[in-house]
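Here come two complexes built around subunit A, the first alongside subunit B, the second alongside subunit C.
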Partner chain A sequence: MEGLPLRSNIHCNRRGEAAAVALHGKREMPMKHGRRTWGIAVLLILALGLAAVAQEEVQTESMTFTQPALITSIGQSAGAAQARVVALKAGLEATYMQRATLEDLEGSSTLIVVLGASSKGLGAAGVDIDGEITWATELFDKARELEIRIIAMHIEGGSRRGPSSDLTITTFAPLADYLIVKGSMPDTEWTADEAANGNADGLFTTIAGENEIPIAYIEATLGAVDVLIELFDIQPEG
Partner chain B sequence: MTQRLRSASARIGAGFLILFSVCMAVFAVGPTSHDVRPGYGVDDVCWLSDYLPALKGTPGDTPIYVLRGGNPGGTLLLLGGTHANEIAGVMAATLFAERAVVTRGTVLVIPHANNSAARRNNGVFNATTPQWFELTRGSGEVRTFHYGDRRTQPEDQEPDSEVFVHEWSGLEFAGDEARNLNRNHPGDADGTLTAQISYALFALVEQESVDVLIDMHESSLTGRLANTLVSHPRAVDIAAFAILDLEMEGLHLKQEVSSDEFYGLSHREFGDRTDALPFLIESANPGQEASIENPDVVNDPRSPLSDRVYLQLRTIEAILTNHALLEGAATSIEIAFPFELSDLLGANLGVFLR
Partner chain C sequence: MNRAYTGLRGLLACVVLVGLIGVGAVAGQVETSTEGMVATAHQLASDAGAEILAAGGNAVDAAVAAAFAITVVEPNASSLGGEGFMVLSLADGRDIAIDYRSVAPGHITYEDDNDEPRYGPESTCVPGLVAGLATALEDYGTMTLAEVMAPAIRLAKNGFPLDEGLQTRISDAYEWMSADPTASAVYLPDGLVPDVGSNLVQADMAHALELIAAQGPKIFYRGEIALAIEAATEGFLGYSDLQRYAAVIRNPVLSTYRGYEVIGAPPNVAGATVAQALNILETFDLAGYTWSDSGAIHLIAESLKVASADRLPYVGDPDFFEVPLDTLLSKEYAEVRAGLIDPNSAIFPTNSVPAGDLEAFELIGAVDEAYSASTTQVSVLDDAGNAVSITQTLSSFWGSRVMVPGYGFFINDELHNFNDYNPDNLADINVHEPFKRPRTVIAPTIVRDTEGEVFLVLGSPGAGRIPSTVVETIVNVIDFGMTLEDAIRTPKFCSRVSYKELRIEGGYPQAALDALEALGHTLKTSYGELDLYFGGINAILVEDGVITGVGSFRRDGGASAP
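What follows is the complex of A and B.
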């Protein structure tokens, strides 16, 4: 699997530019602390090299996610089932619960939520979108209480956008520690099927920028495999 | 007086003849025939009435093409024409019967699942859609195919009520949905013609121990379901794997799962009531777009028929590949075509037919 080490991503993040290119995946780390932090970091490196290294390690640590993960859907679309396949292919130790309970969080170190609403899925779960938002809010609160970090994914493209899906996105993407979106990077031509572009309007880019959340852009759902391998530092077997 | 009597007799006789002809026209309508030319892969041709004798001689009876592989495996039931106006499914099934070879397991192909619906197009969604469409073979021969209807012909079963109640779930639909095969599952042996067709399909699935069922449909170009793979919850993993495989080839399908609130559909009912893993594929047919006058259901560059047939067949392949991976070799089904499926893209579908 290709892809630059996480530390390189952090380095690029400080420039506020795309950081790494993985198989079918393009990453961007928005400026977490902006140019001022970059300047401060340079000064620190010049004045206190060791302190600068420590700063780097802190940031690196902040981007590391640990196993096992719990995968669930917010909006009850079939995207969570695809995320399960992605996790499986990445070799990630993960449990998949289409609609996880608060108890399911126990024992998990990372929560992976797949955003996107399906009227069929919500119907199957016996809830409407408002009930889903209430449940997911409780899930996020509990995850925070248990110090579980959260990755939010949107991997079903433009066809999983619309009022209800966007409500799940605008409510929960800003609360995540990391975003993975199948969609176009800013100022980059989208070469895949337009219907597969979940970020044609730049919503995720805006959310990531405003909330200083690292974001990975992928062109195909399986591009998330490499992202997870890197985020969880999964070593190949054998 | 005698002449008046003769005249009256003649009128009565003529009236009787007309009445007799009308009655015969109604009652003599057996299953509609279609231009399907089974290939070397077909070992047997059965009839749906083999699974419900009451269907024999009715417009609901339809041929079943049986393709057996040389190696033991599972059984696939492939349905085209559940909605006979959704012609990519009909033609994918037809192409399958004409050109496919099964190397493992057994495939049962029904190109016209609702054969009554296939008889005539009543213009549901778009009154300017054709009654027929033509495909030209490489030899120059023109083959003609029915562009059918979404529902069983009204004259083939009792008049629609205002409301159709799906007796198994109590769900209520518009009255004409009593003639929609994909609202009638699991059917009724003593019910309407549509319910009998459904019942026979269930009997087939049970008796032949079908492992995988794929029901091929089409939506409008802009419809929510255009280019979608729907599965029963038991098959959601296979569908997810298949979709991700297809995406890597540039084929983007949405994924949906059967609703717990909507009954009578194939993927819901076969999944709930049989051991088969059911899927439903939706390609995008310009003929179902109400706003397009005289739609070109074969060559519209936005979604040509050959591309839609490719989407159906390639999705079937992906489902079978991942079914084998996840369910094991014992029930795996392997198929082959004497050409690359991708050759269908942008091509004249007719040259691939027999």
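What follows is the complex of A and C.
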């Protein structure tokens, strides 16, 4: 994976396809039909605790994102504000706008949208979920027009799932270039509280697979720090 | 005692097991016993109360233990910096209300209108919770503060698994909390909302609790905590304001409903409104109706609407005004007020309901003195028949958002509950005044059966929805014969003169909603099922010697028995 330094245990590769266990996150590339059986077999092996046999470097298409990034919320939950903290910890040059305007996209190279609806947040913004979807659609269209790549994050776990949140997920996650989800990777044990699992039903896995979008699974919100470091190829200071 | 300790061991084992496997949200929401019961908004607070009952404490001991514990496990909703109202029904026949509402600081004047910020130091009132709970324990309990506060201290010091409800409240507060280093150090480790199941330790709060347990309320009102509150509020709450605070023992509001005795909290909270609504509703026959019939919903909603019309002109701080309770609570007055209700048409607009003309009405008659005695009920019941009902609050979630550094608790934002000064309404009895209690709608309530035995203990959060939720739950049990679990779980609605529409929780049949609109109600139906907006009843029901406790389904409540 050029531009995406994978220092971790690789147990599947993209177009083959891949799932990479990063230092804190678990990254997975979607499988194409012809190699799905092989991929499932590897995942089963991993589930049996034999992940070490799969240590290998893989070659995938470039998945580098460039700075600066614009971080915003789709659904007006607190997730975007937390993504800002994650970005700061990662050393990412980013601007945080809880509800970005189309003009805010100017000058940004990457758009990071944090998915998840909060009725309280939507109320504070003076919009309902339908208005939010309309606004976010315009934001995505503008980003595409400006050739800005998009990372979609869901980092608030299972407690940020539900009809409105899922509407933001099913509408916009398929349109992203990369997914980061705090939740369980398929066929792996989720050791944290089930309410912290944003992918217990495999929704993100399904979306990633059907749309061939690379996905990183993290167990804690802080795990997104290392994912961002890798995606943006951020070098440690000093 | 052996059985009690065995029960406690079993209970603790269950708590540990539940914590280990992380499925505590449902377990214990409905509990039965013959030995006593505690029902609160959080299983761990109920467990704290049950622990005290098992150790030989009475209902007051257990209620105080649970009340302190709930400030730890639900710090967004109540706090050492908050306030409350307690109603007691003691086995020796005494009925008591303890008013530990917050009071305005001494520098406040009537001209201080609601331009003051909703949050921050200038939104606060002098907190009453510590004084109220200490007064209850000293006058009616059997144990020491140190004994009953031990569970709360343990929970604060050792931590507890963060539940989804509190995590949501932290997430909702993220914007302001992340900018507050004092609060974020506790609730936003690494600057992020902690995961459900993570251990939440509140060391500074534990320190404050330990100080109070060791030195009593004087450390809070005259000691180092008072000084810290003064500093945290930038002097808005002065040391002298805290020094003069005292909880007040009052007579509870007493009324009847279809032969049952109803014991509620007196002004300036909403016990009188609940009693008035039930008095009015009693003039109608609900037999043959079910909870989802539009006819029943209409009559209950209109009764609540008419009852609430008297609240603004007549219910104020009883230390400042003489509240005409005898008239407001009389059956004769209820008959007159019920005459405003048309079974075939809703009163619209809602605020067109006039307040009653009490001066004219007093010529008709006053309340039967037999009903003005004392009896009460609570969310704790012991095996001797003592019952305690507490509703305590910070006003808004997280109150003023002012956390006292070094002591780890939030201060209330009750000041906004006073009315704007209006030169065109000089008769307003809820304007700002020094040391006055702002009017609110909390309604801890107890119902005794026709034999005079404690039958139902209940109360709810939910701001303006509280009287509706309490009345509907009572009606569900008495008129519709529901179990307590069903009575609480059943969808709720809210009706009052200040709401332009009838607010309806999800779950009602569409046919009922259509029929209500045909009666002239304007409906607001944009709420989910079991929506937190409609409160969170935690209640106890006694029937045939079996005590059933139910923690709120709208708020991850829990019940626990010794």
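Heads up, the rule we're going with is that the second predicted complex is superposed on the first by the 190 of 238 C-alpha atoms of A that agree within 3 Å, B and C clash if a C-alpha of one lies under 4 Å from a C-alpha of the other, contacts with A are read in each partner's own complex, and residues count from 1 in each chain.
Convention: a residue touches a chain if its C-beta (ideal position, glycine included) is under 8 Å from a C-beta of that chain, and two chains touch if they have at least 3 such contacts.
Because the structure is predicted, anything quoted here is derived from the model rather than measured.
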Combined model on subunit A: subunit C and subunit B, fit or clash: clash
First (subunit B), second (subunit C), both or neither touched by A:183: neither
Subunit B versus subunit C as contact partner of A:75, first or second or both or neither: neither
Which superposed partner A:120 touches (first subunit B, second subunit C, both, neither): both
Which superposed partner A:220 touches (first subunit B, second subunit C, both, neither): both
Which superposed partner A:85 touches (first subunit B, second subunit C, both, neither): both
Subunit B versus subunit C as contact partner of A:156, first or second or both or neither: both
Subunit B clash site on subunit C (candidates 1-9, 289-297, 343-351 or 397-405): 397-405
On subunit A, the residue positions that both subunit B and subunit C contact, one per complex: 77-78, 81-82, 85-86, 118, 120-121, 156-157, 159-160, 192-193, 195-196, 220-222
Subunit C residues touching subunit A - in the complex, by the definition given at the top: 22, 161, 164, 167-168, 171-172, 174-175, 178, 190-193, 195-198
Partner subunit B, residues of subunit A touching it in the complex: 77-79, 81-82, 84-86, 118, 120-121, 123-124, 126, 156-157, 159-160, 192-193, 195-196, 220-222
Parts of subunit A lying in touch with subunit C, wherever the complex brings them together: 77-78, 81-82, 85-86, 89, 118, 120-121, 156-160, 192-196, 220-222
For the subunit B and subunit A complex, residues of the former touching the latter: 227, 233, 236-237, 239-241, 243-244, 247-248, 250, 252, 254-262
